[in-house]
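Both complexes shown next keep subunit A, but they swap its partner, so subunit B is in the first and subunit C is in the second.
Up next, the complex of A and B:
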């Protein structure tokens, strides 16, 4: 059995979350640029399903069902026996495959290369989009100033 | 390409393979004593090919599975969890129980259903050394005249049939062969 506890779970959560949310075109572009794609075998072919996303309002709020999200998942194994899981938003099987491959590679010696060429640029681009959107929204912000009310 | 891992051996084409396996399981249950081949899964040892394929077909997150005796290994648990998501439960709550006849005994520990809901009973998947159309004589629904099947313990199975409409149902597996014995079948020792 391969020891998957070597990689800290929180670190793995970060890249799994990033891959799940990543826009497909950007991910595909970065993945194609990296090249040297490894050979693999399917353990679970890509399949589409729905998951219920739950949320909380505030730290003490009770959890509630926010809504269903379409998710595609797959699992594969590299030639060296490393297992990668791909869980991505949407119904793109190709994206799930790439996400699973990246997950597997991130647990091998090529982790640094993958991080430098895919994970980090992907994170930067997604952050840039988020920042741009926040900046646009911030530009429409209206400040209200309350006059001193003459109550006496 | 032969990269193996603890998760290898699921259905290659899940919808098609599961449909074939389900058809086989239905057929053997409908015709007690008939022995068929059931394939598709490649479970980790000591689970047999037939038992593994049957579990892949029948189990999901709503069905509690009880692994008896030597079957209860980490490899089997991980494989079954990955492919089906079925929870592992104790014998008295199991929907499906897997093991050899000796490891499953006594039969009394499994659910037999209630008068209102006879379907709330356990289905036992019994791993056998061999399955032959010889030995005990079977009669009842799904059998034209009589059928023969090598059963592990006739008195216990007769007692189970006597509880009809309550009781457990049985699948017998050996290698890639599978046969079934529903609670409605009457059993006579060879004679």
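Up next, the complex of A and C:
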């Protein structure tokens, strides 16, 4: 694998991961605002399934099966032949479809527009939620102080 | 003789109609929405996800509503749904060291790097009923501080650097999956952990408590307890690389237990491990204690004959769906079985009466 494909893959991993974790309402809102939705055909229509999540004993040891998570996936092709995959958490076929469309568009010359109007604002909003939780957690960090036992 | 019996359809139909009405309760009271259950009864939702073995908060909330708050019934509904899902694959093991922690405490090191972060805990509350909650009102926003974004290291790493805790060797062995093959004994630690994480909270808690009270005594320190979200990553064959397919909230507990050493192992600390879906702190600590008790064999410890050391006993009875299925089936019609028993007892009675009568006559 060349360095170029590695970078391309890593960028694609980033947007696919973001779309998978995105709150559906936020994604749909940004997608609707962008408009200009392309026509496509299904290669694999949306399907709800489960993925078995694994952990490791002691956090670092041997893998074990923890339990499943619901995932919806689909694959579509744009009229120009570009293929997009959607893999999203949960059971929303509509979300999987939009994720696959964005995945396809991100590999075309529309990439800059989709990034500016969907991917970047989506990432910012998800980061803001995460930061707000981290800020609340930080406020519950214990600051120890030593009790003075008096001047004997 | 087998007698086929039909009937009761109308009664069953009417019973279910009444169930639906009772579930709704008084129509003078607003109906609960799935979102309300998901947001405001989130620990119940977490329990249903953990024991239903399926991470999907909306589905768990729906199950709780349908089950009228009977959590075992809700878990049953989730388990039944889960079996209808095609399995897309297995994730890569989650990296709990990368967790975005809402809570992270250690009972062993006051000054643990990363600090003691309490999170939204019931600890240190006075357990007095708060009648303010009975009235509607605005909740003030929780205070915030400078957030940290760097990952918080595991406590066990520090003990490991000193070589004073048992190593947890990394492996990529494919673990057994009890949703695919029935459990066989000895089960091995990966299968034990899968069974315990979806096991009944009450049962696992009781087993853990028994070890604390002296049945297979194993004094455990909570080395670390952390709650937060981790990304779930899976290899996608059609892409040729792994992507994140979502994120799950987990509670992880690692206990540190004293160990005097055995024929094969030097004196050192050993570990018990709990990892559970959602914010499930009690379950996760209990799981770690039971995991540690079940490890007696691999650590060369003595089998004290304690219930929590008995793998077959613990794992065969931890699943509340199996348990309730077998328990509750006895209330369903057993007319023919019982008829046979009745005949038998009557016959025995006749025989016994036949024997005792002459004796009674002689007295």
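Methods note: the second predicted complex is superposed on the first by the 131 of 152 C-alpha atoms of A that agree within 3 Å, B and C clash if a C-alpha of one lies under 4 Å from a C-alpha of the other, contacts with A are read in each partner's own complex, and residues count from 1 in each chain.
The criterion applied here is as follows: contacts are C-beta pairs under 8 Å (C-beta built on N, C-alpha and C of every residue); 3 or more make two chains touch, one makes a residue touch a chain.
What you are looking at is a predicted structure, and each value in this text was computed from that prediction instead of being measured.
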| item | value |
| --- | --- |
| Subunit A as common anchor, with subunit B and subunit C clashing or fitting | fit |
| Partner chain in contact with A:27 - subunit B first, subunit C second, else both or neither | neither |
| Angle at subunit A between subunit B and subunit C, C-alpha centres, nearest 10 degrees | 80 |
| Partner chain(s) touched by A:119 [first = subunit B, second = subunit C, both, neither] | neither |
| First (subunit B), second (subunit C), both or neither touched by A:56 | second |
| Touched partner set for A:39, first subunit B, second subunit C, both or neither | first |
| Contacts of A:77 with subunit B and subunit C, given as first, second, both or neither | first |
| Dominant toucher of subunit A (residue count), subunit B or subunit C | C |
| Subunit B versus subunit C as contact partner of A:47, first or second or both or neither | both |
| First, second, both or neither for A:101, with subunit B first and subunit C second | neither |
| Minimum distance between Cα atoms of subunit B and subunit C in the superposition (Å) | 7 |
| Subunit B and subunit C footprints on subunit A, overlapping residues | 47, 75 |
| Residue ranges of subunit A in contact with subunit B within the complex | 1-2, 39-45, 47, 75, 77-81, 83 |
| Contacting residues of subunit B [partner subunit A, same complex] | 1, 3-8, 10, 12-14, 74-75, 78, 82-83 |
| Footprint of subunit C on subunit A - complex, ascending | 9, 12-13, 16-17, 20-21, 47-71, 73, 75, 85, 87-91, 130-142, 144 |
| Complex interface listing, subunit C residues touching subunit A | 49-50, 53-56, 58-59, 82, 85-94, 96-97, 100-103, 110-111, 115-121, 142-149, 154, 156, 168-179, 189-191, 193-194, 197-198, 231-234, 236, 238-248, 250, 252, 254, 271, 273, 275, 277 |
